[in-house]
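Shown next, in structure tokens, is the structure this report addresses.
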């Protein structure tokens, strides 16, 4: 269940890591000559991919598998700003910074034996730009006017305007085979059988897919990098129940698992450090963070105004009234001080998260911890602020009131996310200590995201965003997004708009950083959100795998380089290849 | 008989049609929008509109309904899953065999266990053995299947590690011999079948016991005893036959219950059957899957009832006589 | 009241009736007396005591937030039994109304109503429940209403079957000959004589409803916080089934024991009220 | 015969049932229970219909009471066609025809006390008057007010039948349909009930339509006798004539079998 709901946590597409695997155990080191090929990796996952067509797949499970089957033109490096060649050997910017020329590899084959060439790149780009398809990385391509093949091994991308992210925009998205997909109408792309029979240029090819059970990815012998992949096969075993899955990791049936429950992860780390386990834990900054969004406008007024004026009325924004409770900055600041992030982290994630104070995700280059205004846990301060805002407990019932109304509201979250439910429960208690009555409410994701957020019909919501690789806050806070569900708090500020516009166009990183710091300071002071914590990943991998690289981009970044020494091979490595 | 069967068939089809149509409207009128799952913060409204159009969700509801009915009747096409674009019928056909396997095995196990304990108990009415069996049946009748499932899973899979606790095959399934494969399936099915079978058995056990007690007290058994027939013959030829007859009719109606029992058991043991498909589809507002799954569920129920009627007719000589007249 | 006493004493005669009565009475008292009996506030957190196993101060242990499981179960009894009773009541009301109308009025109305019953009986109920209860934020009321609205058909069948028999009884004919109104006859001559079957079905249904609600909540579809039913509490124990075994053990036992109670009581009531042994009626 | 003297007139009455048959699949067959029967009953007299079970005598009674719809024919009561009365008028009229059934057990609502059963049959809103009438009714059938609070299962068979008679008398009917009124009772009770019936008839001048297979009972109560066989009326005669000189061979057979002749 948790897995399905995960789909609903819309997240930006991004990557990152922080190489602080919690390992203190000394491991044997290997040199290039020790490396031998062969063996298998069994990945355990709670969800089945929703298809392996990079154009139409949405779930993390699908994207992970796709990253093994397909290649891009170039791949993002750990710094999240530079790129390494993949299908493109090299690239050059034009002098006017409005086009990039890619030199493609000529030795790349598709899994079906066809040769990869520039037609595939142009074909892929045209589909990315196709509205009808609704590819989720569409926004990356908005600044690109066209992609033109000069010859079989050269493609030029033309841009509308200058931007610091030209290369990132151009290389986003996996290249798909023109010879297989050109005949499929766009509308039928998602339902096409191709989604279950993907052909890519990556190190692994799909060899078997048993619905709801497992996927087998076999070594692609025609892969362009010499000697890779080193493993014979990767089996993705689907076990919908997280606890069951974890038990199988302990039992040795599964080699690799993400999202290990924090309590279990800590136990496992301890065992690993003591040398009592061959399951190696990796703890690194992930891609998700949790926050409370305060509705800044009055929900009732909003629906009346929308009904009366329609969303095309140019004066709409002026008609909106501030929220009775959270329209007040003092109240938001008090609420932020009333919440003890560390306790929440302790209980909900067993300490495996980092307190968060501002809008910039911790893995992004633009993150500067000193830029945020920090509101530490301070019950007295919270009470004082609330008093300043006129909220006093005049009738002695323990709940604050003002002009005859008591300080009471509902905080909503989506069903299916245990952590959020738990966090809500704790926050309820913490708010009660300062005299605020908060009722937690859990709604089906479809209802919450489909109806409540768009209609602003809520007081406050505890949600999480997933982080994309581009520095981007427009959907969440820009005034141009005020009527889309992502800016469900209806934040609008000229200052923010100016800063973000400038930051996104600035090609000099140092200056861009200044703008982003300004944004961090502004938002963490104005508090449309109370940011709670940034989650760390809890991934475990069997220690017989060598050459493993796990960083803020995730644990799937170099699986083609993983290998297993002969002496450590297990049952899994004897699996017949099929 | 033919006329009757045709009449039954028409009623069944009508039931199916009405039921599925009702489900269609209930689901569509429910809050929630399947396109939300495609939302990403950077998606433009234009793209969302395109998706809505692609999924046919922009049409008025009656039109959507007509289209759906047309596609199902003419092409037997239930549409493509919103979640992964696969044909809904394919998704169902992938999952259905496992649910059928689980339900059938559990039914047989529960039936066997229920009949044996019911008959045994009936032959010893009022004795401590009878009371013990009745109590045990009441125990399993009242124990929630998910709790029993958790307990069995905890003991036999997690603590003792004797049996697998998830999936239908092991990772090494492919390299097993033919019999090895069967054994592998069996090992994975033991706990689920035990869970579902044990909670179903009391339904039959209690029923068999009371009807057997009634039959054993009836005049023809008494007179058979008086004629000095062997107890064995009395129990099996006279008693059991008459006592089991009514069981057939409740078998048919217990099909829906078995189906919903399978949903929970499949979720607990992570089996790749209809249970997971249904739960996921319900959560994700995956209309085509929901509709196809409910059609299957309706068909299962209707077939169950139909088989019960036929079985009843075949088993009851009076019914057969009536037929030939 | 005399009849009631009589009934109780008859139930008390058999061991199963006694156990059923005791369990049902016990759980009802626990639910009613939750505020008095709970050693702690069921929502009061004590994070210092989070996930602690059973002890003298917390007999059934605590949950992730250090809340007392015993107190939560006592309050959960209100929700679980409330939903069980409420939905069974609704189902009995609807089922009796439909069964009585069909059996009493016969003819086209009977055929029509029973066709509907057949149709609804064919519904894959649990699946529909998943879909419908999953729609909104399922409150106690919504859950009880949906459960009740989907469970009345069997009662309608039972009631109709009985009514058809009773309708042919001479006292009904005599009443008709006396010129009593059909409504009067239905309510005073027919209904009281099917009440035995209705009470039996209703008692058994309460157990079934508690179980169905628990199953839904266990799957995460049932009532949502701040309300907590036994199923919800059990679902909470699912996060770490071995580490916090006491949560699912105690919640599971509560569900199980209440089911035993209602099932035994229902069975015993059937024995006592069996309409076929007419003279045993009070 | 003028209308005053004539209380009930049955004309060409035919009744048939649809049997569901023993066949599970099979089609339904029609069974003719009463075939073209006509007869008249005089006010203040006892008219007996005799015949074996299945001869259709009870069907005639049920159709008079309106529980069975005839295929054809009419039943006139006090000159009014019972089948074509308006609902309201019909309800009033029907209160003048009351049945007494064979099995008093099934004729009494097991959930009602003696008092309620009787009170239900008295059509007055005045509670005091109701109570009085209930009491006098009870007394008139030989029961005491001690029985008021009792349930049917607390009464003896004879007491139950007396209660049934009391209930039938409550609306002050003109015609009582007695369907095997004593055949479920012991011989000694039979005699008591029969004498009660005779007494009541004398006191209230009520007409009886007696349905019975027991010729002894018929001989005690009846003024006229009609014999039914397989739905057909084979003979109708005065009581004396019937018992002394039956014309139809079937009537003779009946008399012989009953040991009266």
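Each chain gets a letter, A, B, C and D, in the order it is written, and its residues are counted from 1.
In this text, a residue touches a chain if its C-beta (ideal position, glycine included) is under 8 Å from a C-beta of that chain, and two chains touch if they have at least 3 such contacts.
Just so it is clear, the structure is predicted and the values come from calculations on it, not from any experiment.
Student: Given the contact rule stated at the top, which pair of chains has the most C-beta pairs in contact?
Tutor: A-B
Student: Among the chains, which is located farthest from chain A on the basis of C-alpha centroids?
Tutor: Of all chains, D has its centre farthest from that of chain A.
Student: With chain centres defined as C-alpha means, what is the inter-centre distance between chain A and chain C in Å?
Tutor: Averaging C-alpha atoms per chain gives centres 45 Å apart.
Student: Return the distance between the CA-based centres of chain A and chain B, expressed in whole Å.
Tutor: Centre separation, chain A to chain B: 40 Å.
Student: Distance-wise, how many Å sit between the C-alpha centres of chain C and chain D, to the nearest whole number?
Tutor: Taking the mean C-alpha position of each chain, the two centres sit 46 Å apart.
Student: At what distance in angstrom does the C-alpha mean of chain D lie from that of chain B?
Tutor: Those two chain centres are 55 Å apart.
Student: At which residue positions does chain C touch at least two other chains?
Tutor: Residues 134-136, 219, 238, 241.
Student: Would you mind listing the residues of chain D that make contact with two or more other chains?
Tutor: none
Student: Please list all residues of chain A that touch 2 or more other chains.
Tutor: In chain A, 1, 416, 444, 447 touch at least two other chains.
Student: Across the complex, what residues on chain A touch chain C?
Tutor: 1, 243, 261, 263-264, 343, 346-347, 415-416, 418, 421-422, 424-426, 428-429, 439-444, 447
Student: Which part of chain B faces chain C closely enough to touch in the complex?
Tutor: On the chain B side, the touching residues are 15, 18-19, 23, 26-27, 30-32, 138-139, 141-147, 150-151, 154, 158, 253, 256, 259-260, 263-264, 267, 278-279, 282-283, 290, 293-294, 297-298, 300-302, 305.
Student: Where on chain C does chain D make contact in their complex?
Tutor: The contact residues of chain C facing chain D are 169-171, 173-180, 188-189, 192-193, 195, 278-279, 281.
Student: For chain B, which residues count as touching chain A in their complex?
Tutor: 31-34, 36-48, 50-51, 54, 80, 83-87, 91, 94-95, 157-158, 161, 165-172, 174-175, 267-268, 270, 272-273, 276-277, 279-280, 283-285
Student: Please give the residue numbers of chain C that touch chain B in the complex, ascending.
Tutor: Per the touch definition, chain C meets chain B at residues 16, 118-119, 121-128, 130-132, 134-136, 207, 211, 214-215, 218-219, 221, 234, 238, 241-242, 245, 248, 252, 255-256, 259-260, 263-264, 267.
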